[in-house]
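In what comes next, chain A is part of two complexes: it sits with chain B in the first one and with chain C in the second one.
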Partner chain A sequence: MAPIIVLNNLFWQYEGQEDFALREICLKIEESSFTSIIGPNEAGKTTLVSCIRGLIPRSYHGILRGSIEVLGKNIADKTELELAKEIGFVFADPEAQFTAMTVLEELAFGMENIGFSLNEIKERLEWVTEMTNIQDLLDKSPFEISGGQKQRITIASMLALKPKIFILDEPTSMLDPLGKDQIINILTTLKEQEAMTLIVVEHNIEQIAPLSDQIVLMADGKVLKSDSPQDFFCDIEPLERLGIAVPHITSFASNLLDLGLYEPPLPLTIEQAIGPCRLILEQRGRE
Partner chain B sequence: MTEREVLIEASNLHYVYPDGTLALRAIDLQIRTGEFIAFVGQNGSGKTTLAKCLTALFKPSLGTVTIEGLNTSMRGVTKNIALKVGYVFQNPDHQIFNDTVRKEIAYGPKNIGLPEKEVAERVEEAAAVAGIGEHLYTTHPFFLPKGLRQRVAIASILAMRPHTIFVDEPTTGQDNLQSLEVMNFLKELWEEGHTIVIITHEMPIVAMYAERVIVMGVGQILLDGSTRDIFSQPEILAQTYVKPPQITRFAQELSSYGIPRDVLSVPEMLEAFMRARPKGMAINS
Partner chain C sequence: MEKFHSESIGATNVENLQFNVPIRRMRRTLLGTVPVESPLYSFHPVTRFFSLILLGVAPLFIDTPELNVLWIMLILLLMIYGRVDMSRLKIYVPLIFTVALFMFSIAILLPGEDPTYIPFKFMGITIYYQRIFWALVSYVRVMALLFGSIQYFLTNRETDMLVSLQTLKVPFPVTYFVGLSIRGADMFMQDMKTIREAERARGLDEGSLAFKDRAKLYAMYMIPLFTLAIRRADEIGNALFVRGYTFAGEVLGGGKRTSTVMNLYQFKVRDTFLCALQVGLFVTMAILQLKFSQFRIDHSPLNAYFLSILT
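Let's look at the complex of A and B:
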């Protein structure tokens, strides 16, 4: 399958800044895949996804080198309408995105802007309210509900446009555990049921790694590593040195693997680890 | 071990917000000197309200809170209480309002009328403890990165030399390294004798640092005990959407093999796992 996004030797420097915020970025993202972007704060993660969405260089001044291709076309040659239809984008702070008086209006706003028919709008509304479980919130003001509910509404308003590519920038960082779980559930459903290409910037590696087809590690404006989750965690020590919170279960199994007790692939969830570990404990493993 | 001295005590504490929401119901709680406590529970469970009552930012609607013997409902105790407890807001920007780092840290000591010389000493002491270099004294706090702004917020509390420090969500919005940095700093303060209370959703952080956990749900204390005891009760924790750390949950899945249910870290799990491994130890097959 051809990649849907290709970044080729991308450099970006914000106007007035001494250093490049992104350097030598080469990255391919396959169509319908789930990509997680992780790394410390200030690594360039938000800048990178802003480039993919075309917010850079359209809404920011600076120097761009290299190329960004989305759906086979350089984004410099795309119109804003094309980009808005193709790529959905959700920020960490949902309030940054609200404009309307009620949740229902908020959801309809984007679709009306693009010029969908009333029937089309109705159909899509039904689909997104169910997908994001916000049926009870439609009459409320987006400003009077909890942070987790707000984030689900922002996601719904973007999903309603059925973008081919959906980017979420730290969608769970401001939320409590219940709110985080609900966002992860939506991402899981999207991955299972839709052909969307999903790109998620996250610190919450434990929850996001099991969903990922590709994990991209950034630091200092560069892509340090990009791999399938199993290969990504095969050498844990350098990741931990960079301060990456490797999932406990993966770290545990990696230790067992070093002792010759565990066979690859490394687990990313408790469920994946439980079977092999029972076998080891029951001595029916390797001995 | 001898019982440590009680610093803060809540008795039948109720709190009702002006809009009528009953946020805390019949809380009885003692915080003793030298403890490192975590308040956990989903949003809306009453963690922050409780912390604000225990630091005299809120006064009880019913019941009492005493801080080192001072009843927070009495008039005229605020200045004394400010020397005993400090509260660092979740968002340091809700707290910082001066235009230089020095003024921000000096504000509290000045406000209680300390002489200039003592104020200057306290600023230096607090800034040094919080790792804020002198070259930053004249910087506007809002030009600092979030991690440093939080340190300024903590330094401004430290300048009051309180015995007990409450920090609301010290790691939210920070990456893993920054989180460990701020937590290690709180641990240093704890080792120097401060009593520390954090409010957090990050259970791995709780497992690494707290020795006691108070679990809140709908305005009440659901559980109160040592970190190990609390994480061994996943069913009650689930009522308030708190999940023990992943490695603890994994250990609990394997408890029928003799692995303890209160494992808190990967090294502990490895040790327990290797111990459970020899032949004849398996119970289920």
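Let's look at the complex of A and C:
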């Protein structure tokens, strides 16, 4: 598939900072793929997605080198409204993104800015409220509801624009386990049903890895590794050195692999591990 | 799934929009909560906004305190009609007393000099009648203005205010700025509450502090509060950017901006009638006072009664 996002030798330095926050970033993201961006704190993950969204350099001052192409066009040549229509962006703190006093207004706000008709807004509202299960919240203030509901609303407000690229920056970082599961369920549905290009910055690798087509590892402002999940976790030692929590089942299979008891590729889910493990047990039984 | 009852939002065409919103019993307003079935919500937000102009501004034209007392009673009746929980008004009692204390203290302690003033003794203090009566006039007027505003903000939400302004063709960026300001004030208060709770959790007992120390404490709040406000402004700026908001309110392709929430409300014939009535009443009161001085103090029976005793 053709790349929808191409970052070529990208450097970014925030004004007043001594070091570059991003260095030598070369990355291609394919259309309709699910890309997870992981890495330790201060790795440059949020800065990277802010560049893709066009928040950098529009909303921040600093030095930008290299190029960012989205949908075949340099991001600097796109208008704010074009960017809003093409790229959705959800921040980590849901409360910091509310722009209206009722959920209904919050969901409609972006669509009104883009210039959708009332009928189109109505149709999209029905679709998005069902998708994110927030039908009961439309008349409420977004400040009165739970953290999980708040994040679902911010996701819905972006999804309503049906962007070609949807970026979520640590969408589960401020949520309880139930809230995290609900967001992961929405991401699963989006991957299965929509042809969106999804980019998710996330620490919760256990749940996000099985959904991913590509995992990007960042540290110190650089992309250290970018691979499919199976290839990404073939060697988990460098990841663990960086403090990256590898999925438990992958870690378990990696230990078996070291003992010569498991054959690659390493599993990302328990379901993927059941078959090979059964085979091992059968072989051991025969021996 | 239950449909939102049209009366509950004061908009008969909500069902046409087919949003699957359940019935809620209470609605949070700018100053409290009001039952969703409040009859006030059957009126368009513009009608309610004109009531703010009439009830909250017209007392400025009235010097006769009796009329302003009647005005306050009218406002209270409107609150009862709107099913406002009247016990909530208790929180305004300290304000009512503070304003009274302030205004009457100034009239007694700093009366000024005028040979026409009529003095009388009360508990050994010389009080000048004109000053004290004017303090009463001003106080009742302020109370009328206060209750007029409380009535509106206790029964309306920020959305209602924005819809009314947009209906009155106020440009979207202006109405949006008003909305953000209201929201900003609310968040500022929430942040302050959070900081105070955090201090209490660390063992601070405000009650044990002297007035001077308490004043210092409040001054110290300003630093984190302003830092938070600046950070929030930055975050909201980014949120607006990703939602495609432009300062001029322009839309992609240069078309006209749709307002979803405006379409939830219908401007009915009775709204037209009530708006005209309220504007008419306001203008009439303004003319009666400004041109014919019909609401001046001289027309107050209470003033006439006191003067007859003192002179």
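Note that in this section the second predicted complex is superposed on the first by the 283 of 287 C-alpha atoms of A that agree within 3 Å, B and C clash if a C-alpha of one lies under 4 Å from a C-alpha of the other, contacts with A are read in each partner's own complex, and residues count from 1 in each chain.
The rule we apply is simple: contacts are C-beta pairs under 8 Å (C-beta built on N, C-alpha and C of every residue); 3 or more make two chains touch, one makes a residue touch a chain.
Keep in mind the model is a prediction, meaning the values are calculated, not measured.
Colleague: Quick one: classify A:206 as touching chain B (first), chain C (second), both or neither.
Modeller: Only chain B is touched by A:206; chain C is not.
Colleague: Of chain B and chain C, which one touches more residues of chain A?
Modeller: So, of the two partners, C touches more residues of chain A.
Colleague: I'd like to know which partner A:136 touches here: chain B for first, chain C for second, both or neither.
Modeller: Second partner only, chain C.
Colleague: State whether A:41 touches chain B only (first), chain C only (second), both chains, or neither.
Modeller: first
Colleague: State whether A:258 touches chain B only (first), chain C only (second), both chains, or neither.
Modeller: neither
Colleague: Kindly classify A:24 by the partners it touches after superposition: chain B alone (first), chain C alone (second), both, or neither?
Modeller: In the superposition, A:24 contacts neither chain B nor chain C.
Colleague: Name the contact category of A:179: first (chain B only), second (chain C only), both, or neither.
Modeller: Touch status of A:179: first partner only.
Colleague: Let me test your reading of the model: by the given contact rule, A:101 touches which partner, first (chain B), second (chain C), both or neither?
Modeller: second
Colleague: Identify the partner contact of A:147: answer first if only chain B is touched, second if only chain C is, both if each is, neither if none is.
Modeller: First partner only.
Colleague: Touching chain C in the complex: which residues of chain A?
Modeller: Residues 53, 55, 58-59, 80-85, 87-89, 91, 93, 96-102, 104-105, 108-118, 121-122, 125-126, 129, 135-136, 138-141, 143-144, 157-158, 161 of chain A touch chain C in their complex.
Colleague: List the residues on chain C that touch chain A in their complex, please.
Modeller: 1, 4, 9, 17-22, 24, 27-28, 157-159, 179-180, 182-183, 186, 232, 235-246, 250-253, 255-261, 263
Colleague: Taking the touch rule as given, give the residues of chain B at its contact with chain A in the complex, in rising order.
Modeller: On the chain B side, the touching residues are 42-44, 145-146, 172-178, 180, 201, 204, 241-243, 245-247, 249-250, 253-254, 257, 266, 269-270, 273, 276-277, 279, 281-282, 284-285.
Colleague: Show which residues of chain A lie in contact with chain B when the two form their complex.
Modeller: Touching chain B: residues 39-42, 146-148, 173-174, 176-179, 181, 203, 206, 243-245, 247-249, 251-252, 255-256, 270, 273-274, 277-278, 280-283 of chain A.
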